[in-house]
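After this come two complexes, each holding chain A, first together with chain B and then together with chain C.
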Partner chain A sequence: MKLKFALLGLALIHVLVLGAGFLAPYDPAEQNRDFPFAPPMALHLVDTQGHFHLRPFAYAQIYHPESSAAVPYEIDRSRMIPVHFFVKLAAEGGMGQSGEWRLFGVAPPHRLFLLGTDDFGRDQFSRLLYGGRVSLFAGLLATALSLALGLVLGGLAGFYASLPDHLIMGASELFMALPWIYLLFAVRAFLPLHLGAQESFFLLVGLIGLTGWARPSRLVRGVVLSARHRDYVLAARGFGASDFYLLRRHILPEALGVLLTQAALLIPQYILAEVTLSFLGLGVSEPAPSWGNMLADMQKLYVLESYWWMFAAGVALIPVFLLYHLLADALQQSP
Partner chain B sequence: MMRFVLSRLTHSLMVLFGVSLLTFAFLKLAPGDYFEQMRMNPQISPGEVAALRAAYGLDRSLPVTYLLWVKSVLRGNLGFSFAFNSPVWPLLKVRAANTLLLTLTALLGSWLLAVPWGVWAAARHGGWLDRVSSLVTASLLAIPDVLIALALLALALRTGWFPAGGMHSLAAESLGAAARWRDLVWHLALPVLALIAGLLPVQIWHVRSALLEVLDAPFIRAARGHGIPPGRLLFRHVLPVAANPLISLFGVSIGTLLSGSLLIEVVMSWPGIGPLLLQAILERDVYVVVAAVLCSTAFLVTGNLLADVLLHVVDPRIRAM
Partner chain C sequence: MDSLLHVQNLTVRYGADGQRPKSALCDVDFELAGDEALGLLGESGSGKTTLALALLGLLPPGGSVERGAIWFRGTNLVAAGPRVLRKIQGAEISLVHQEPALALNPVMRVADQVIEVLRAHQHLTGQQARAKSLELLAEVGFAPESGITDAFPHQLSGGQRQRVVIAQAIACRPALIVADEPTTALDTAAQREILVLLRDLHHRMKLALILISHDPAVLAAAVQRILVMYAGRIVEDGPAAQLLQNPSHPYTRGLLRCGLPVIPGSAQARRFDCVPGEPPDLAALSPGCAFASRCPERMEVCGVCAPAETRLAQAQRVWCFKYE
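Entry: the complex of A and B
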């Protein structure tokens, strides 16, 4: 029950971010300099006269650049912007994606900002979806890398014992002696700072995945060490099974359960690591969005004070973490 | 006892030594250094850059640099900061003290909260209050530290009840001793609160499960059967046994605390090791990076050492081993 709910929820979130190209009304890097820090626009079904509309609509926002208010926008209730579904992007988009289908949108001179905009007038809703892709998959890929490394190293250490075991476990102890974020930072410190979006993404995945190998490899080692002396393993060895066969057929399947639970624990940690690094300007670089660099604007006090919708990327992390924690919990209960 | 402490101490020193070697290896693998940007500058000749690099020992090979560095560390010199144009130690000393002030206050506060809360939840195990408490801690666990810190800071900015980051008010120098203390505590409140919020759920969970495990044990049922009152049962029989995993957790939680504190220091502009490390990374100030990482590792290792010794003192089963 718990397991199903967690898996379903996570699948839904991942489908949402993967479908960003269809679900998001705008390109994540598309700027609207006329709408800096526009507040979120609410969707309505009932207009000021009390008439009901089947097609949802939003009210236009008027920007007053000369105003001294923190949020210099005024809702113009006389101008309704109807929301259209299954729209083809106009060529005006300019980002070379004209003709692409989007789930919803508004007629071009108007803009629809469901979660407001940032200081470049970029649609936060679109950035949230595209950024989720980066953040969530950075966590997933880094975890896969960590676990693969842990499986190989832990398997080696557990299976061959003696020298490889001492070396690998000694190294893992060193890695675990460092506070995790400091370790990440220390390694990040010595890598190039200014990178393109894609390079920085893969650098980050590699960095997080490679520095996190210690704990999974210790776990795998423990499992392998105990599995090595099981009767059926000894029997198979007696029949002349090779090391590789033993590892593949008998020992690693046993480590699988441990690894799955470990994955559910590691993924949220790694997502958080990406968010932290990007938040501090050491991760995924602009203009590509990630939940971390979307939050980075909040380090400016005036943004933090006035533009509450910029919290969106941070708030989006909460359901993801809840579901992963639930998943880890469910996996631990039913091995 | 002495032998145990000594063996743990040597182990800790070996870890520190290994970590320093590790950071140095990363340092040498990395392309570029502090003087990289100078090379772009037409005003500075390549010769001058080379001379500067030689003066700071950046042109030597890894083993040589490392040995030189170890030698100078043993003499109490942690290297030189290019960006601050000053030795690293005086720089780091102040920052480390600030980080310690923040983290130790948070550690104390969180344990003072977590133990009663966990005991209370365990005592009502299975009841609806326990469930509510589990729900609260699970939700708290799912909220990332950054978000808590940002939300607290936004609250401070909007209401003005708390200072918006920093460690002292601008006027702090002119205040009397008592007022200065109050000022410091005032500035400490939000970062400590953010840190506690990050630590608390894990601690409560551990306290609760440690207690539940002991409460289930046969000797407790026997004691209860003998009519020992619940208060005495809790303090005399349950807590001493349940303390064991909690002490180990105390050592581990220092690592979490340091990692969390880095981010919170940056967000709340607390002048600790975190902002120093971040700046050093951005400016490729390598010796500051190494020293800051090493310093945080030293904190963590010290915490683990303390936990080990404490465990040794508290638990007769471990002493017998």
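Entry: the complex of A and C
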């Protein structure tokens, strides 16, 4: 039950971010300089006269640049912007290709900002979806990397014991003693400051994954250590099975359960690592969005004070973390 | 004699660092013909299992062959490298374990476990291997339609599991099967089944068999020749019937008297016979006969030096000063 709920929830979130190219109304890098820090626009079905509309609509927002209010926008209830479904994206700069189908949108020159905009007037809703791709998959890939490393190194250490064991476990202790975030800073600071979005993504994944191998490898080692003396392993050796075969067929499958639980714990941890690094400007670089660099705006006090919708990425992290931890819990309890 | 296996002065020690090494086997020397069924008889700790593991090159960490040789078809297994050993293990010599419940991987289907033995030594396609594994399982008494071939080990009884292990053992048509107490973990009926099966396979497939047991009755049912072991040494060697009816070594005699009486109140049951004392500490053996401290017929010479091989009539050998 728990397991199903967690898996369904996570699947839903991942489908949402993967479908960003269809679900997001705008390109994540598209700027609207006329709408800096626009507040979220609500969708309505009933207008001011009490008429019901089947097609949802939003009210236009008017920007008053000369106003001294923290949020210098006024809702103009006389202008309704109807939302259209299955629209073709207009060709207007940015990365978006013209002619792409989108789930919904409004007719230009109107804009629809479901979660408001940032200081460049970029649609936060679109950025949240596109940025989720980066953040969620950085966590997944980094976890895959460190589990793969942990599986190989832990398998070797546990199976061959003696010298390989001493070396690998010694190294893992060293890695566990290192404060990883400073290590990441150091390594990231060492590399060229400006990298393309893709390079910086893979660099980040590589760094996080490589520094995280110690814990999974220790877990795997423990399982292998107890499994390699089982009678059926000795029996398999007795009919001429090679070391590699024994590890692959009889020993490492036992580590699967531990690894799955470990994965469910590591993924949110690594998502947070990506978010932290990007927040500090060491991760995915602008204009490509990630939940980390979306939150980076919050470093400014006036943003923190006035524009609550800029928290969106932080709020989005909460269900992701809760679901992953629920998954870990369910995996651990499952027989 | 043209023998399949010749174990020559095999001496095995177990020694953890800093401890006095234990001599698990000492000058074990015997030959085995290609169609012979040999029994190893002895108490726990007499070195039977160590001998079986040494034959397959599977001594546990800390155990090492100190001297001697195991000649198998012209190859010295003691000196052979892991590559050569791996070609022999399972293909030419195979081992049947004591605990069938533990010797099978609990999460693999029975047929797959037979297939993995086949695939370790032969290049077969998936279908060929599958067909062959069904054949092998049929050979140990499982019809393909019984559904056992696709069962998991926990769904089988002890006797059925041991049959699967035997199917694994005969998968590559080995020349020698070493069965280490194959019936110990089984109930009486299953014991009988397995013994009959082993004897059958021995005759039908013309393979040599080394059957290890602490129970003389088990050996009597299945083998032609028996080696009696005590404290890692062979103390008596002879044809099964002769040795069981007419034991020469005091230890063999003691051991044969130990069988529990089947009928309560019978003359046999009035007294519990046993071999008095405990097996000796293998790390601190005296220079004399290892059995001397428990021997009811001890002589002065027994504590001084070890007895040599004495040949009695009809291929019987005994290591005891009484016969020298």
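What we mean here is this: the second predicted complex is superposed on the first by the 329 of 335 C-alpha atoms of A that agree within 3 Å, B and C clash if a C-alpha of one lies under 4 Å from a C-alpha of the other, contacts with A are read in each partner's own complex, and residues count from 1 in each chain.
The rule we apply is simple: a residue touches a chain if its C-beta (ideal position, glycine included) is under 8 Å from a C-beta of that chain, and two chains touch if they have at least 3 such contacts.
None of these values were measured; they are calculated from a predicted model.
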Joint occupancy of chain A by chain B and chain C, clash or fit: fit
First (chain B), second (chain C), both or neither touched by A:Y63: neither
Which partner, chain B or chain C, touches more chain A residues: B
Chain B versus chain C as contact partner of A:F104, first or second or both or neither: neither
First (chain B), second (chain C), both or neither touched by A:P179: first
Cα-centre angle that chain B and chain C span when viewed from chain A, reported as a multiple of 10 degrees: 80
Contacts of A:L234 with chain B and chain C, given as first, second, both or neither: second
Smallest separation of CA atoms, chain C relative to chain B, angstrom: 20
Residues of chain C touching chain A in the complex: 56, 58, 85-91, 94-95, 97, 99, 102-107, 116-117, 120-121, 165, 168-169, 171-172
In the complex, chain B residues that touch chain A: 15, 18-19, 22-23, 26-27, 29-32, 138-139, 141-144, 146-147, 150-151, 153-154, 157-158, 164-165, 255-256, 258-260, 262-263, 266-267, 277-278, 280-282, 284, 286, 289-290, 292-293, 296-297, 300-301
For the chain A and chain C complex, residues of the former touching the latter: 230-232, 234-242, 245, 249-250, 253
Touching residues on chain A, where the partner in the complex is chain B: 170, 173-175, 177-183, 185-193, 272, 275-276, 279-282, 295, 298-299, 301, 304-305, 308, 311, 314-315, 317-319, 321-322, 325
